[in-house]
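Both complexes shown next keep subunit A, but they swap its partner, so subunit B is in the first and subunit C is in the second.
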Partner chain A sequence: MSQSFDDISAQLKGRHRRSARLKWISMGSLGLAGLFLVLFFADMLNKGLPAFQQAYVQVELDYNEDAQRMGRAAMDREIAPLVSRSFERLIPGMIRDNPDLLGTTEQRWVLANSEVDQYLKGHRNQLNEAEQAAIDELVDSGQVALKFNTTFFTNGDSKMAERAGILSAVVGTILTMLVTLAIAFPIGVMTALYLEEFAPDNRLTQLIEININNLAAIPSILFGLLGLAIFINFFGVPRSSPLVGGMTLALMTLPVIIIATRTALRSVPDSIRHAAFGVGCSRWQVVRDHVLPLAMPGIMTGSIIGLAQAMGETAPLIIVGMVAFIPDVSASFTQAATVLPAQVFTWAGEPERAFVEKTAGGILVLLSILIFLNATAVILRKKFERRW
Partner chain B sequence: MQTNQLLALFSGAVLLLGLVAFFLGRAKAARVRAEGTAMVAQPDQYAWFAVLATAGPALVVSAVGAFLMLMLGAEIPTPYLLAASLVVAAAGLLVGMMQVRPDFHARQAIERVIRWILVAAAMISIFTTFGILFSIVFEALRFFQMHSFWEFITGTVWNPGASFLAAAGRGDEASSAAQFGSVPLFAGTFMITGIAMLVAIPIGLLSAIYMSEFAPSRVRTLAKPTLEVLAGIPTVVYGFFAAITVAPIIVNVAGFLGLDASFNNAVAPGVVMGIMIIPFISSLSDDVINSVPDSMRQGSLALGMTKGETIRDVVIPAALPGIISASLLAVSRALGETMIVVMAAGMRPNLTANPLEDMTTVTVRIVAALTGDLEFESAETLSAFALGLVLFAVTLSLNLVSVIMIRRFRDKYRVNNL
Partner chain C sequence: MNMHVDERRPAPMSGHERSRHESSSQEAGQPVTRNPHAGHELSIRIRDLSLWYGESQALNKLNIDIFQKNVTALIGPSGCGKSTFLRCLNRMNDLIPGVRLEGLVEMDGRDVNAAKMDEVALRKRVGMVFQKPNPFPKSIFENVAYAPRMHDLVSRKAEQDELVEHALREAGLWNEVKDKLHQPGTSLSGGQQQRLCIARAIAVQPDVILMDEPTSALDPISTATIEDLMDKLKKQFTIITVTHNMQQAARVADYTAFFHLGEIIEYNDTRTMFSNPHTKKAEDYITGRYG
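Right after this comes the complex of A and B.
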């Protein structure tokens, strides 16, 4: 007992201070993680929201003889440089399809090119000062304005930033997810049913279980290598198609669905099974009529989460060629297609400044879909979750 | 197009036969029952058995035929194969009808078939693993026939540059130029993974400690799903974030400190990957820390330890196997991560210890080798599979070690929810 009370209480104070420090540090790191999240979303919104607006120019179109060959001739010489070249190219076709137009004039709001668009949004652009002043004047007179960007939602990919849209990627995503779900959901549920309700506890079952846990942790890019070597090179599934992409993603989603389904099946109490056996049901009847319906909300939740995960996956799809340039929307399972994350990847590689905005806009659409899916899963779980 | 129509016709015919089997079977069973004979199964069960007997063998025959054509290159004209399947279906229909007898256990027969279908579904996950393994090993072996394994593992120069010439039959012009030494790629991979772990392990672990030991339950229920959002963001989005937002910040900060940083530096993808991995570590560590028995905390507190000391000296050491297991899983995740490094790290293989220089990773080279316009047979394309094989082996062993660690923890404290 050499230490006095003062020593001990001083020591104690230090120990409590250290304890409090751990609390603050750990709280701070949680806060830091939260801060990352906030910064990330703020940055994406800041970069992506302008993509939903697009500069339009009001032009007086004069469908004269020259415009039949060169669209630019239909427009006022001063305004023509502001208009997207993609629109100029349409004019001769419009006259050809509708010869009555020849000789008439028309006021129309048309797409401006991406330089004007970037200037109006205050971003870096290649316009000189005289051009900028001219645009300012047109803005004041109401002939140039930012409007809601419908093109972004109704067009496929384009090399001209102002015409590039996400529609072909959205259609590709839907097709790919249909294939993924059609393969992964039944196989996943059947596997889980077998493992939980039917399988004897033997070597094979253990092998399957270890294997599923393992598959869940294999890097996604290796599934791409599988898709390339087996589906494309061996079975001859068309490259870049939603079919091969969906099959590859299905194998990747399978473990997620299996694990979720097993958890859902396990949470159905045994008393239900015993009661059903007790009234003379066979094993399959017990599963089909009692266990499966009760586990269904959990299975759905797990499948939606798995689907959301597959929807954001890019690496295996790049390997099976789903980063193609798809300007037209084609609703076919066997033709080349692209998906939203792959579209984001393609745009991120474009050097033009205007594409940064498109990329972030595509990301916002993708994130909204994923948040919607996950929220659906959470609500489904909250609504149907039963405590036994 | 013609095959598609044939297939549609075939499916239609099988469907029709199935329907016929169902209604004929049920009618026959109902008739037998109406005559007053006791039957061991319900009419519907006989009907379903007839459907199975009709469609099952037919589908198996056509699948086996397709398999033979693909695997062994057997020349079977598709129309003949499908016609044969239909004949089998008709025979199956006959057998199914004959089996509608009072002493036939139709339900048991159906359930046996269902059980086999379930087994087949369960086998698909095994086939997937073997598929990955075989596809990678096969192509990797072809690569190692062209370039030695030893050179691949120990070489420090990755220069696939002219290998396409070799594939084009002009090997003598270029054979000396192509070098496949994977050391710089793995150095880059481990550098970026290391940076990611430096970010993810402290933040993830401390967040887990806060959530499980200090936080009021309301904060906990809010914080956990919020952190999970980080894991749910697609990696391509993180890649864009790293390349467009984080990399310039790092270049500016390095410039401010008087250092020269590349825009494709290793820090940006590393940090962003670390952020992505935080929830992997925090979520699993949180579960592990929560399942350390309370009696240990109570014992420690009763001895006069402060809360901080209890956590540091009792809870964390007890949870250590689980925490290590979580970290190993996170490492394996970071090694295989593709999009962030493809978008934010460099393309140039670079053996350096300076994280501010650009360097490339294994996954970047896999993507680069497989997205170019190269012939599939070229050494560069095949090198992707060799790299994939190493990646597979490394992540597989990390996962296995992680599983063993967590199992040890589970056995020690008898917790079942991990």
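Right after this comes the complex of A and C.
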């Protein structure tokens, strides 16, 4: 019995309706994801961008005898409460270092304290009405203003919000990532090369393979415990240091790099290997001269993404002591340091209102670096993509 | 033993018949070696070669002599073991896990499967051209220059340039690529890529070139070019080619071996094979009764 077109169309109606529904549901979920992303970025930018501006006060500094002992004495009694205490403390030292200053006066823009800063940005603060009115007057006369916040990029952490900066965390992140890369990249690539190109396919290698895949799914805080138990307690690596942090994160990044490298190696067609074997290459020459160059873009992409993942990691670093108040920029791999996400975590726990924008500002810096890294990965992949 | 011995040509050998008489004959493979055609020297001697992929046997006690500076074609239906056999000659089967091999593959009086034989040295003397053109994703120049440099065949830059030009000329590709030597090898057409692969094989200066269905991915014009090339190259090299195309075997080969289910049913000079095959199976295959 053959069906007429009308019969078939009647059946098809329901099918078309179902596929249309599925299409709308999937478009809806994509839209929802996009909406969350936009909301997240808008909120971060809204909260974080003010962190890149800071209130500054113009003061007349009078380097008199009293200022040698107490910085506050150098300033006008009315203006002094607006100035950051961190600057007041510097004045005696300035005079000590440069005795010629004594007896002179100077006009200078200095950091305001965080209450003034928050008031100017329209946030909650602890100033009374008289103080607010006084500040308004100074703003009108151009003696108090918001300026670009260089302190945020040139200082380490501080308990005074106006002085707290991100430099120590950035340097700590760079040092930690160098350690991670130096350990995880060669070990990861070599492991993948062995498993993919040299190892026989037997029970043992299958077991290793399964365990590497499982390793990628282990909660990251366990790597922190491992780092504490082995690197700090057993090998005596200094705690809180970029060295121990980098080693711990390297453990976490290893499976990511191994898996990415194996995928990249597997995507190199066998015809290239056969061609190389056919002209009399040894196994190592095949890998070095033909397979590895072709797999390199994939390896780089995977490694960068693994590194970006490690860079955003906080949990394992809590255990090895890198989530801490670190005001000084660490100068070596063994000094105490902190990293960007840990700095964000520390700031998020501060009670002062001014640290909220620091937190968001820190997140913006971290996100920019991660976006930059991921973009690099995408560009590398596009640039070296080859067809054969 | 019912052997068909031709006076002018090396004796054909019927593996089929041979295996029937195996138990009664100690000298099963002998006729082939005893009567080489004048001027046709032995290149590779294969005796009782069997091969298993895991449990399944792919080759069953093959006996065949390959002669120097000739084209030998291996024909037969799909899955008959001709490509597997070809890969035994430069030990490419080593790359496949679970392959087990018995018997003798002898070249220059040496067993190529012996523990002392380095497969790299073997592949230097036995080059290979594959079914699908597979130039390295490097420049045309590098495709040819890479292997000679690796084998220390050239030391100076000038020598290298000379060798590349020589190999490309031999492969009939020089005039087409001499102005774009530094473009990627993969930018060439399929036929040109295959000739580049031949140039790459020639550049290593091998004795034998194995070709695994070298024209099956090519158009008829490129195929004709490659066939002419094989005819030219056999003056210098021993060529063993696998082909699905019986007309091609008839056109280019001096000797033809007919494979069926992992055995060599008949090995004969090509003219005899196609005009007067000695076995029923070969005749049926050649006349198109199956295939």
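One rule holds in what follows: the second predicted complex is superposed on the first by the 363 of 388 C-alpha atoms of A that agree within 3 Å, B and C clash if a C-alpha of one lies under 4 Å from a C-alpha of the other, contacts with A are read in each partner's own complex, and residues count from 1 in each chain.
Assume a contact is a pair of C-beta atoms (placed from the backbone, for glycine too) under 8 Å apart; a residue touches a chain by one contact, two chains touch by 3 or more.
Keep in mind it's a predicted model, so treat the numbers as computed, not measured.
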Subject >> Overlay on subunit A: subunit C relative to subunit B, clash or fit >> reply: fit
Original post:
Counting only touches as set out at the top, which of subunit B and subunit C does A:P297 meet: first, second, both, neither?
Top reply: neither
**OP:** With the two complexes superposed on chain A, say which partner A:V344 touches: subunit B (first), subunit C (second), both, or neither.
**Re:** first
**OP:** In the overlay, answer first, second, both or neither for which of subunit B and subunit C A:A275 touches.
**Re:** second
**OP:** Name the chain, either subunit B or subunit C, that contacts more residues of subunit A.
**Re:** B
Original post:
Which value, in Å, gives the least CA distance between subunit B and subunit C in the superposed three-chain arrangement?
Top reply: 9
Subject >> Contact residues of subunit A, present in both the subunit B and the subunit C interface >> reply: 282
**OP:** Sort out for me which residues of subunit A touch subunit B in the complex.
**Re:** 15-16, 18-23, 25-30, 32-34, 36-37, 40, 43-44, 47, 186-187, 190-191, 193-195, 198-199, 207-208, 210-215, 217-226, 228-230, 233-235, 251, 254-255, 258, 282-284, 308-309, 311-315, 318-319, 321, 323, 341-342, 344-345, 348, 356, 359-360, 363, 366-367, 370, 374, 378
Original post:
For subunit C, which residues count as touching subunit A in their complex?
Top reply: 90, 92, 95, 97, 120-121, 123-124, 127-130, 132, 134-137, 146-147, 150-151, 186, 197, 200-201, 204
Subject >> Residues of subunit B defined as touching subunit A within the complex >> reply: 70, 107-108, 110-111, 114-115, 117-119, 121-126, 128-129, 131-132, 135-136, 138-139, 202-204, 206-207, 209-211, 213-215, 223, 225-227, 229-230, 232-237, 239-241, 243-245, 275, 278, 282, 306-309, 311-312, 329, 332-333, 335-339, 342-343, 363, 366-367, 370-371, 376, 384-385, 388, 391-392, 395-396, 399-400, 403
**OP:** Please give the residue numbers of subunit A that touch subunit C in the complex, ascending.
**Re:** 200-201, 269, 271-282, 285, 289-290, 294, 386-388
